[in-house]
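Structure first, commentary second.
As written, the chains take the letters A, B, C and D, and residue 1 is the first residue of each chain.
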Amino acid sequence: MTSDVAPQTAIDLLRRMERIRLLEEAIAERYPEEKMRCPTHLSTGQETVPSAIGVALRRDDQVFSTHRSHAHYVGKGGDLGALVAELYGKAGGCCGGRGGSMHLSDRSVGFVASTAIVANSIPLAVGAALANRLLGNGRVGCALFGDAAVEEGVFSESVNFAALRALPVLFVCENNQYSVFTHLRDRQPAGRRIHEMVAAMGVRTVVGDGNDALAVLAAVEDAAAHARNRKGPVFLEFATYRWREHCGPFYDNDLGYRTAGEFEAWRARDPVARLEGELVSRGDLDAAGLRSLQESVRAEVAAAFDVAEASPFPPAADAYRELFVAQDGMPSQGSHTE
Amino acid sequence: MTARSITYAAAIHEAIQTAMTLDERVICYGLGVPDPKGVFGTTLGLQEQFGAERVFDMPTSENAMTGVAVGAALAGLRPVVTHQRVDFFLLAMDQLVNSAAKWRYIFRGEMAVPLTIRLVIGRGWGQGPTHSQSLQAWFAHVPGLKVVMPSLAADAKGLLLASIADNNPVVFLEHRWLHNQAGAVPEGDYRVPLGKAAVLREGADVTLVGMSFMTMEALRAAEHLAGRGVTCDVVDLRTIAPLDWDTVLGSVSKTGRLLALDTSWITGSVAGEIVARAATECWEALKCAPQRLGLPDFPVPAGYSLTRGFYPTACDVVRKVEQMLGRELGAEALAIPADEHHDVPGEWFKGPF
Amino acid sequence: MTSDVAPQTAIDLLRRMERIRLLEEAIAERYPEEKMRCPTHLSTGQETVPSAIGVALRRDDQVFSTHRSHAHYVGKGGDLGALVAELYGKAGGCCGGRGGSMHLSDRSVGFVASTAIVANSIPLAVGAALANRLLGNGRVGCALFGDAAVEEGVFSESVNFAALRALPVLFVCENNQYSVFTHLRDRQPAGRRIHEMVAAMGVRTVVGDGNDALAVLAAVEDAAAHARNRKGPVFLEFATYRWREHCGPFYDNDLGYRTAGEFEAWRARDPVARLEGELVSRGDLDAAGLRSLQESVRAEVAAAFDVAEASPFPPAADAYRELFVAQDGMPSQGSHTE
Amino acid sequence: MTARSITYAAAIHEAIQTAMTLDERVICYGLGVPDPKGVFGTTLGLQEQFGAERVFDMPTSENAMTGVAVGAALAGLRPVVTHQRVDFFLLAMDQLVNSAAKWRYIFRGEMAVPLTIRLVIGRGWGQGPTHSQSLQAWFAHVPGLKVVMPSLAADAKGLLLASIADNNPVVFLEHRWLHNQAGAVPEGDYRVPLGKAAVLREGADVTLVGMSFMTMEALRAAEHLAGRGVTCDVVDLRTIAPLDWDTVLGSVSKTGRLLALDTSWITGSVAGEIVARAATECWEALKCAPQRLGLPDFPVPAGYSLTRGFYPTACDVVRKVEQMLGRELGAEALAIPADEHHDVPGEWFKGPF
């Protein structure tokens, strides 16, 4: 299956992963400057799933995300400068500085938005899928979330409704075992397999190794085709691992909530390095090609920070705009008012 | 356009039907929407007319189904979602407050959430503590929501059409005791602009501000008071957020006396907000302390004898006006006789709902 | 298994079922008098599960119930006069007239209470179980609910937590296929088996025929023993059928939301008649014994209405009492205030 | 009893620890409770001290876990449940309003729900629209809930102990910017009765009513005003429900001037309720229109420049007093200099939380 992937596609996948890796590392490095004055949830180590989503879905398929949104945004092809500017609270930010790190949006690439309440955006993706079906636009909705989100009742409710109406939506769970400092064992019963639980709710499920980028890509492509072909929603669960602290730029293994051994074992399975190796051994890229890809991404990341630095702060008065849409949105037919 | 007398429930039905005819993007769902009772008659036949893709029942999942509506609205539909009691909708506050109310603002005005949420408030038949709450004060406190509370059948239609046409999330509150009240309702695509109060009656002495069912009590009281030589402005708020301060404060400035009426608990009520704003902004014009009436700060009991006197009525309105004017105005004439049922809007109203 | 049940136990079970049947039918008959001025959700046809719960659980095990609460209250042994008086809004009502039909309580028999929001009381039963474990009182919590309640997110959340901590709680679902007028097919995906979905969440499950009272009893006894022995929660699902309209005293098959054939098929499997027949054929009761049991229950029901009629209305001023407890509840130790 | 200077967070920690020592029925849970950060330090070490049966983390299931707390309280425990933001708790409104607030009343006083729910409100570090709401107006509107909002470290301890001791459901709101503020806090089982406001400063000209962090701004403003010859009563509400009307209205009757301060949106605020009640009940005593300050009716933006001026400060308080007294009082001296960070309570406050 792995070898089925065309070289350009594989390189596209790698490029997205490199972007996430290098951007997050740059954020981590520069966060202590205190110019990014908002929470940040980095995805270093979790580059695979968001990138595969970006490659496998169409540009106009709608992705909804969470607090850990940078990678999802970047994976789907979101503008890097607008992201970093948003972290800086600048006018050039993708939400004009209103949202900060947890509220990103780039609708031009189908990254509808991320929201900061756990599981909150899952039903929105289902709603988008409902609209897609009715509008017949062939789009697929996609909710990305973590292993804690499945503990929220709204998750079960959303899955139930999507299954009931066989909606074109993907539920994608990045299972990194932790919710902040809390391991799955303290939140879900022993022996729980999330994907089995969801299968019993009545949807097709897929489970996979989140460090195997090409396999993840194949799984997402398959699931998207399933949903697009009106066969109903798909739930995908991938095992992955967050390298850095839950929120903020640092490593925090010293806090003792997880072992150094566990961390090292996951880091040894670095998904970016693995895909680099695979592409080189497949012959899709040679060492020079890889280096130049990395360099170009590094330049993109640097440019994004330049954009953010150069962008002005929005005036304080901008906080008092755009609460409501002024115009009505329904056609009228000899409509008359009192 | 002609206006016939139809009920408030029929007016709501007509509004949804008109909207769905005008705009294919309007969908309508909620518990019981396509069932044989059709949410107090307001959704009867819509599924047959518009099909099961646009009109459907839902699982008992209030929170997700609110999020689904937000997502569908963002993606191009105009959902009208119905809940048979506001009490059930307490499950959906996250999606209402964190999603519906904030999306447009957070994403700097690039998205819109054209969503109408119909919620039933008020009494019904012995509904008790968890089937008769009235949470407009909560909704009106949250920036980004419009909140509508029609009193008259015509407004129920006109405001619902305007709510569905509006590109913002609208919470539309229907009092259970109003569904069967009839009134002249214009035919066709009749819209009443949101954010505009109506002065249902003009007078010089007191401003009575009502909303939803309390406007009925205000009108009854004003009629009685007129017979005693006291004339009232009766301001029917219609929209609670954004509230039509020009009309309300204009009337208070004219009469110098305010009595604000609320369907909910007195503490933290919208009536309190009106009293506060009037005190701050009409200070010079006020002739006496501004007043309000609402429910006592207790959960609503179910039992027959316990609800006697629980809800403020026209009689209480007149009593307050008596205090404000310092004279006797015959409030007792409006008291519900001990041998009449106080727990139904009329003898035609039967249980079990 | 059926034959294991001791005669007194079987007769106890039947007596509870007869109580429910005759009480609900009496309510239906007298509701049009308009003295019961509150909603009523009757359980005619659904007598088995509540009665089995009442027989199988200990008096001090805690039952939590729903809008369809009469049967649950009566099954657990609740006082009939206090129930009917509550429907009348009388001072002698089990909530002094404050709650009406959907809010019943008789803590002397471990019927903690019913509440009127779908699925709302499920986590309360879990909380009681948490307290039981910590207090070491050996009690089991029990949540009764319908097939719609499993659609509420709070159900999944509650099951997850109970399973996580292996709490002594029973989740008992009376699956009567309908939520008001809406069939399961319009609320849950085709092929859904509720008990399988719950099993995949990580709890022991049982599924059974809700018209076979002795089998239901055995299943509940087994589940209660499991929970009491610290082996964790159990979910039980029983197929059953509501004969009358969702809310109110009448039959409503004329409305067309369900077929006469379906209704007749279920009524033909009348669980009360079936258990009567079984007890007679087991020799636990002869025809005269059965008649006298029915007569005594009929007398109880009539007496309950007498109690309700005779009880005074609470004064209106009673509505303004007992919002808060005045006394503090924590011991103090040289406690001092400002 | 001795009082040492400790932080508000440490005071909360001490209250929980004291309660758990005094009463075995007290349990404590919530997301992050036993984790290495211990909810801003307020729960550190409690699991080690009291064991995992009494102190534990929970699944991300706010609604059920609130219901679990209600059930446990009914069955004999005294749960203290913590949520790191009030915003997350929007998921739990059904259990709060339909269960916790109503059980005792519905079941005619035979049951009690001794439950304390700790919720964090306020700003933090660029938290934005869904991590910094302040919903006391909602809670105070619901009969059956007590609502506590301590400002000083000593009160944080004393009120939390009193909340846990109380046999009723208490919503305990902690402002994120107060956790690190230090103050003299008595040792031992120190309790501050619920429902009693504190007059932190006495004066003759204006009554400033504050709650939570706004009391800090009121104190700063009062200090400044004193230097200009204007003296203020600074009333720290401490409990929002039941609200200590005697103290508030007593002060207003004395000074004749009211300025109520709120941490939430102005429309529908608790400050509005105070203005309304003062207008109705202190009518004769008022010398000028009663006033209030709160947040503008917009979601709270995350961005640095956008929050400048969003939150009312001591400077705004003095400006309002200038309007009320009709004279210049040097408000500008209290303005945050353009080169100082307005988005942290002090330079020591760092992200990412």
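Simple rule for what comes next: contacts are C-beta pairs under 8 Å (C-beta built on N, C-alpha and C of every residue); 3 or more make two chains touch, one makes a residue touch a chain.
Here the structure is a predicted model, which is why all the values come from computation and not from measurement.
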item: Farthest chain (mean CA position) relative to chain C; value: A
item: Selected interface, B-C versus A-B, where C-beta contact pairs are more numerous; value: A-B
item: CA centroid of chain B to CA centroid of chain D, Å; value: 31
item: Centre-to-centre distance between chain D and chain C (centres being mean Cα positions), rounded to whole Å; value: 41
item: Between chain C and chain B, distance of the C-alpha-averaged centres to the nearest whole Å; value: 36
item: Of all residues in chain B, the ones touching two or more other chains; value: 58-59, 61, 63-64, 87, 90-91, 94, 98, 105-106, 128-130, 143-144, 297-299
item: Residue numbers of chain C (touch at least two other chains); value: 96, 98-99, 103, 115, 117, 151-154, 157, 160, 164, 186-188, 323
item: Chain B-facing residues of chain C, complex; value: 31, 34, 36-40, 88-90, 93, 96-100, 102-103, 115-119, 148-149, 151-154, 179-182, 186-188, 247-249, 255-257, 313-316, 318-320, 323
item: Chain A-touching residues of chain D, taken from the complex the two chains share; value: 31-32, 35-37, 56-64, 87-88, 90-91, 125-131, 296-299, 301-310, 343, 350-353
item: Of chain C, residues touching chain A in the complex; value: 151-157, 160, 163-164, 186-193, 196-197, 199-203
item: Interfacial residue positions of chain D with respect to chain B in the complex; value: 63, 87, 90-91, 93-94, 97-98, 101-102, 105-106, 128-130, 133, 137-138, 140-144, 241, 264-265, 267-270, 272-273, 275-281, 283, 288-292, 297-299
item: List of chain D residues in touch with chain C within their complex; value: 1, 19, 22-23, 25-27, 53-54, 58-59, 61, 63-78, 94-95, 98-99, 103-112, 114, 143-144, 146, 154, 158, 161-162, 164-168, 186, 188-193
